[in-house]
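Working notes for the structure below.
When the chains are written out, they are named A, B, C, D and E in that same order, and each has its own residue count from 1.
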Amino acid sequence: MASAQTALELKDIHKSFGDLKVLKGVSLTANDGDVISILGSSGSGKSTLLRCINLLENPSQGQILVGQEELQLKPGKDGNLIAANRKQLEQMRSRIGFVFQSFNLWPHKTILENIIEAPVQVLKQPKAEAIARAEQLLEKVGLADKRNAYPDNLSGGQKQRVAIARTLAMDPQVLLFDEPTSALDPELVNEVLAVMKGLADEGRTMLIVTHEMRFARDVSSQVVFLHEGQIEEMGPPEQMFNNPKSQRVQDFMSSHR
Amino acid sequence: GDKIRIATEGAYAPFNMVDSNGELIGFDVEIAKALCAEMKADCEIVAQDWDGIIPGLRARKYDAIIASMSITEERLRVVDFSEKYYSNVLAYVTKDGSNIEVTKAGLKGKTVGAQRATIAGQFLEDNLGDVVDVKLYDTQDNAYLDLQAGRLDALLSDKFPAFDWLRTEEGAGYAFTGEDIDINDEIGIAVRKGDALSGKFSTAIKAIVADGTYAKINEKYFPFSIY
Amino acid sequence: MSWEWGVIWQYLPRLLEGAWLTLELVLVSGLIGIALAIPLALMRASDNYWVKALPFLYIYFFRGTPLLVQIFLVYYGASQFDIIRESILWPVLKEAYWCAIIAFSLNTAAYSAELFRSAIQAIPVGELEAAEAVGMNRSLQIRRIVLPRAFGIALPAYGNEVILMLKGSALASTITLLDLTGAARTISARSYTNMEMYLAAGVIYLAISALIIGLFRFMEYRFNRYQYYNHVDTPKDLDPQLRDPHIDR
Amino acid sequence: MDLQGFGHLLISGTWITIQLAIASLLVGLVFGLMGAAAKLSDNRIARWLATGYTTLVRGLPELLLVLAIYFGGAQILMWIAGWFGYDEFIEVGQFTAGVAALSIAFGAYATEVFRMAMLAIPKGQWEAGLACGMSKPRTFFRIILPQVWRLAIPGLGNLFQVLLKDTALVSVVGLNDIMRQSQVAISSTKEPFTFFMVAALIYLLLTAAATSFTMLMERMSNPAARGNRS
Amino acid sequence: MASAQTALELKDIHKSFGDLKVLKGVSLTANDGDVISILGSSGSGKSTLLRCINLLENPSQGQILVGQEELQLKPGKDGNLIAANRKQLEQMRSRIGFVFQSFNLWPHKTILENIIEAPVQVLKQPKAEAIARAEQLLEKVGLADKRNAYPDNLSGGQKQRVAIARTLAMDPQVLLFDEPTSALDPELVNEVLAVMKGLADEGRTMLIVTHEMRFARDVSSQVVFLHEGQIEEMGPPEQMFNNPKSQRVQDFMSSHR
């Protein structure tokens, strides 16, 4: 794996909701194999940043590149940027995996159907192949025996692991996680973190919004601290946790041990 | 009490209908008034949907029906009748020049309409039910509408109301076809079983026929006698 | 009041023929109604003001006026116009059967569209975002996620709508059709056994309702399987040999 | 509104329709309250009767119900009266029969609405009344019923719309409502489309009026939501 | 105030719900002016006991006397005792005030209407008189300015104070409180306790189920400890808090400081 290859690049992302400026110019580069943790207090814009990357939220300004390819944007009616080319957007989204805080599994499909849905429908994989792959993934997240269950029958931690498997089934270049463990009971958190740690060890490129300090410290290659819509400081975890430059980060770290 | 309540349908021109003031008018209504005058009775005439006109009588909603109702065996099982106050024949109405032969063979596969719960309707069901498509309407008016719309190839109706309709603008392009069907159909006044009113009405009918009142009313509607 | 039970048996075959027509009317107009309701519901759920407004008027008209008026408008009303009588539509509009189907379909489409719209809007946003995030295009989202989910959510309410349609279908008797009510009315018109016929027809209607309710229970069970799913582990878990801890999986 | 001289007929038909709807609403509400009370009562027979009433009526076409009550209502009444030794003729007019049919149908649905509303009122509301020494009926009428209205009015509003439209069925038994008057007009003018369309528009106006009335009632029934008067 | 006058007497009250025996013979006497706190762990039958006193719950066995008057009871269909004379029951209930944990104010009536409802409807007081009295009571609980507000516009503490005023408007011989503060935020608790303390100082007879130890200790004349449907121990607060005889009470007290 060529380590200097860029997997994802954000340039000067801005985002407002009405008068409220939530992101005020965020730039960020993730190379292949990077695991970037995004920290910041509530309301600092972490979720919004992540959602802007695959245009679940339309940014007001900025550029987004996946691999070397730039996502074509054009101004929309409400002043925000929208995709200029839906086909390209859909294709790019299929290369970016997004794991939601609240899982968002499709309740009317079985676990297996949840996982093969996108590969079959979007990537046009043959069904048999998609199923074989899904079974591998379920094995990996430790849920091989739940293939025919429905999401409502699973615990929170199991649901989140299925959500991760669903995302991995698309074999995305970059994985985005928005607080993947905060909807879970403390006991279930570890299940999910273990799976994510496994992914990091495999060399996956990941951006993770999280409040799990220990995880951010142990797993990330980079830690980004967001404050009022801007990057206050970023660096390797040792530096960010042990001697951050910014007072804001120091305060945050000391209150979050 | 002395008051006699009489039901009529109000949708069977020219025998009974509603004018634009909402008043009931027509041959039946005038006969009813003449009879009441003859009997010196206090009468009230009410409109009642045809489907429910006999059940309404039996449920004592009114005491008599003067609504061009044929005296039939089936009806006689549930109500009594006065003697006839006119005689009815049935006739087919078709579009002018449609050349339909109104025989069982000629009507085969055609759509023929009549009003529900009438002699004409029963005649169709009993005699032609197996070869023609019989359509039954809640009112005679609706049957005319469908004849005009072209949904019906022919309409079997009591002859006199159809005669009246053929004289109107809407009836202009239509005509009687074939022979009249005389089914020995007499029109009487229905009353509840065992009610002495039937005799009183019979006497009164004879009286107005005798004194010329009947003829005067008849003239207003038809250029021939229908008694 | 003396009841003549015999007439019920005598005329039962004709009542059952009528019941069959009733079922046919409900089924055919129900299917056409859904086909119309789905695009209407999607339009109603749209964010675009104009796309939303059009079906609104349609729905408002059909929900705000009696079905009887609608049937008469289609059957007697349309035939007033020469253009319609001379058009190619006439062979269809000429038939009372199709007029009833048209009126019932348009009517139930209006009601069902509102049902489906609220079901569509009840789908948690996250489930749609999840579809979007994996790169599904709009039509794929609608086909694979929105409609199946909305249908599952709307199913119980839609069952009620079908029952209401069954009851509304009695109005077919006012335009010469011999549906269950039409048959009962025609028979009682000559035998003067209103109560007996209405009673018999009523019992048949109740039986049909029960049938429809049962059908929808079953459909709901099949369609919303996930709500009824009882966790049964894969067969290998049931195999005692494989449950032996010494066998490495 | 002239409509070839038939405008006034339609207006008088509208008036009949309105009277019919309001009378059926009032009687139907009584049926609904009684039905709900019976369904929630401790008396097994009352519960059983009420359940029979609602299942039966809700399962039958309204048209059939109108026909059955109109043609059979008097017979049944007289039959029942006969048991009590009363043999005189019992008059059931068209209007009365129409109101009876429509309110029986309305009452069956209203039963469910009221039952839901009654169940939604916290038990503590009853207890607070009883604990002050109020009798059960007094607690019901002073404390519970006013709150039931507030919860029930949206549901009743919907039912009223349905009722308003169902009045059209009564034309089948010859009551001179909007529908019947339109048909009378059509029989002279032969313009079915025009008159049925006018009828449709009148119904739309009526249902719109009913909607605003419901909204008004909804506001009136919830004094607390009208704001703090202090 | 003749201090030895009996205000309320319970003799051998039993109550079962189906097979579950909740009260197993409780006897208790409250004299005029007594403030009796009832303590006990959850499920020990405190609420049930209070509710049996005014027959919100029908006891299975026992006698209830208010003043010298005995409430006439007869066996009901389900085996519990029911009032033999509805009029007497209603009359007795009007002499016993009950303050609910969840207030149970009537949401469709204003505060003033809530208070005058029972005096006017049950005691047949003239309306003007009832209003004058209600205003005094509102003054006393510090809510004179809320007379025309509706319950939904009040905070929890305010609601409970109104509920107390509503009960006082009947001028009851005995006041029963079932955890009157446990539905409240800690800040609001004090508002309500202050009002109750005022009532105790006035010499009102009160039975209070509470978890507020400090209040029970400072205000009560007697403390009753209920355990598994029986009175485990009762006595003046000094004894009960400082050296209870029963091991059960000792444990309870030590875990509830």
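We adopt the following convention: contacts are C-beta pairs under 8 Å (C-beta built on N, C-alpha and C of every residue); 3 or more make two chains touch, one makes a residue touch a chain.
The chain list, named the UniProt way, goes like this: A, E = ATP-binding cassette domain-containing protein; C = Arginine ABC transporter permease protein ArtM; D = ABC transporter permease.
Owing to the predicted nature of the structure, the values given are computational and were not obtained by experimental measurement.
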{"item": "Contact distance in steps, from subunit B to subunit D", "value": "1"}
{"item": "Where subunit A and subunit B overlap in contact partners, by chain label", "value": "C"}
{"item": "Third chains touching both subunit C and subunit A", "value": "none"}
{"item": "Rotation, 0 to 180 degrees and nearest 5, that superposes subunit A on copy subunit E via CA atoms", "value": "175"}
{"item": "Chain whose average C-alpha position is farthest from subunit A's own", "value": "B"}
{"item": "Distance from subunit D to subunit A - Cα centre to Cα centre, in angstrom", "value": "57"}
{"item": "Distance from subunit C to subunit B - Cα centre to Cα centre, in angstrom", "value": "41"}
{"item": "Distance between chain centroids, defined by C-alpha means - subunit C, subunit D (Å)", "value": "25"}
{"item": "Geometric centre distance via CA averages, subunit E-subunit B, whole Å", "value": "81"}
{"item": "Per-residue overlap in subunit C, given as positions that touch at least 2 other chains", "value": "76, 79-80, 174, 185, 194"}
{"item": "Residues within subunit B bordering two or more other chains", "value": "51-52, 55, 58, 138, 145, 148"}
{"item": "Contacts with two or more other chains, residues of subunit A listed in rising order", "value": "none"}
{"item": "Inter-chain touch pairs (all)", "value": "A-C, B-C, B-D, C-D, D-E"}
{"item": "List of subunit C residues in touch with subunit A within their complex", "value": "124, 126-127, 129-138, 140, 144-145, 148-149, 152, 224-227, 229, 231, 233-234, 236-237"}
{"item": "Of subunit B, residues touching subunit D in the complex", "value": "10-11, 13, 17-18, 20, 22, 47-49, 51-52, 55-56, 58-61, 138-139, 141, 145, 148, 170"}
{"item": "Residue numbers on subunit D that touch subunit B, as the complex places them", "value": "5-6, 9, 12, 67, 70-75, 89-94, 172-174, 176, 183-188, 190, 192"}
{"item": "In the complex, subunit D residues that touch subunit E", "value": "122, 124-125, 127-128, 130-135, 138, 142-143, 146-147, 150, 222-224, 228-230"}
{"item": "Touch list for subunit A against partner subunit C, complex", "value": "54, 56, 86, 89-98, 100, 102-110, 117-118, 121-122, 145, 147-153, 166-167, 170"}
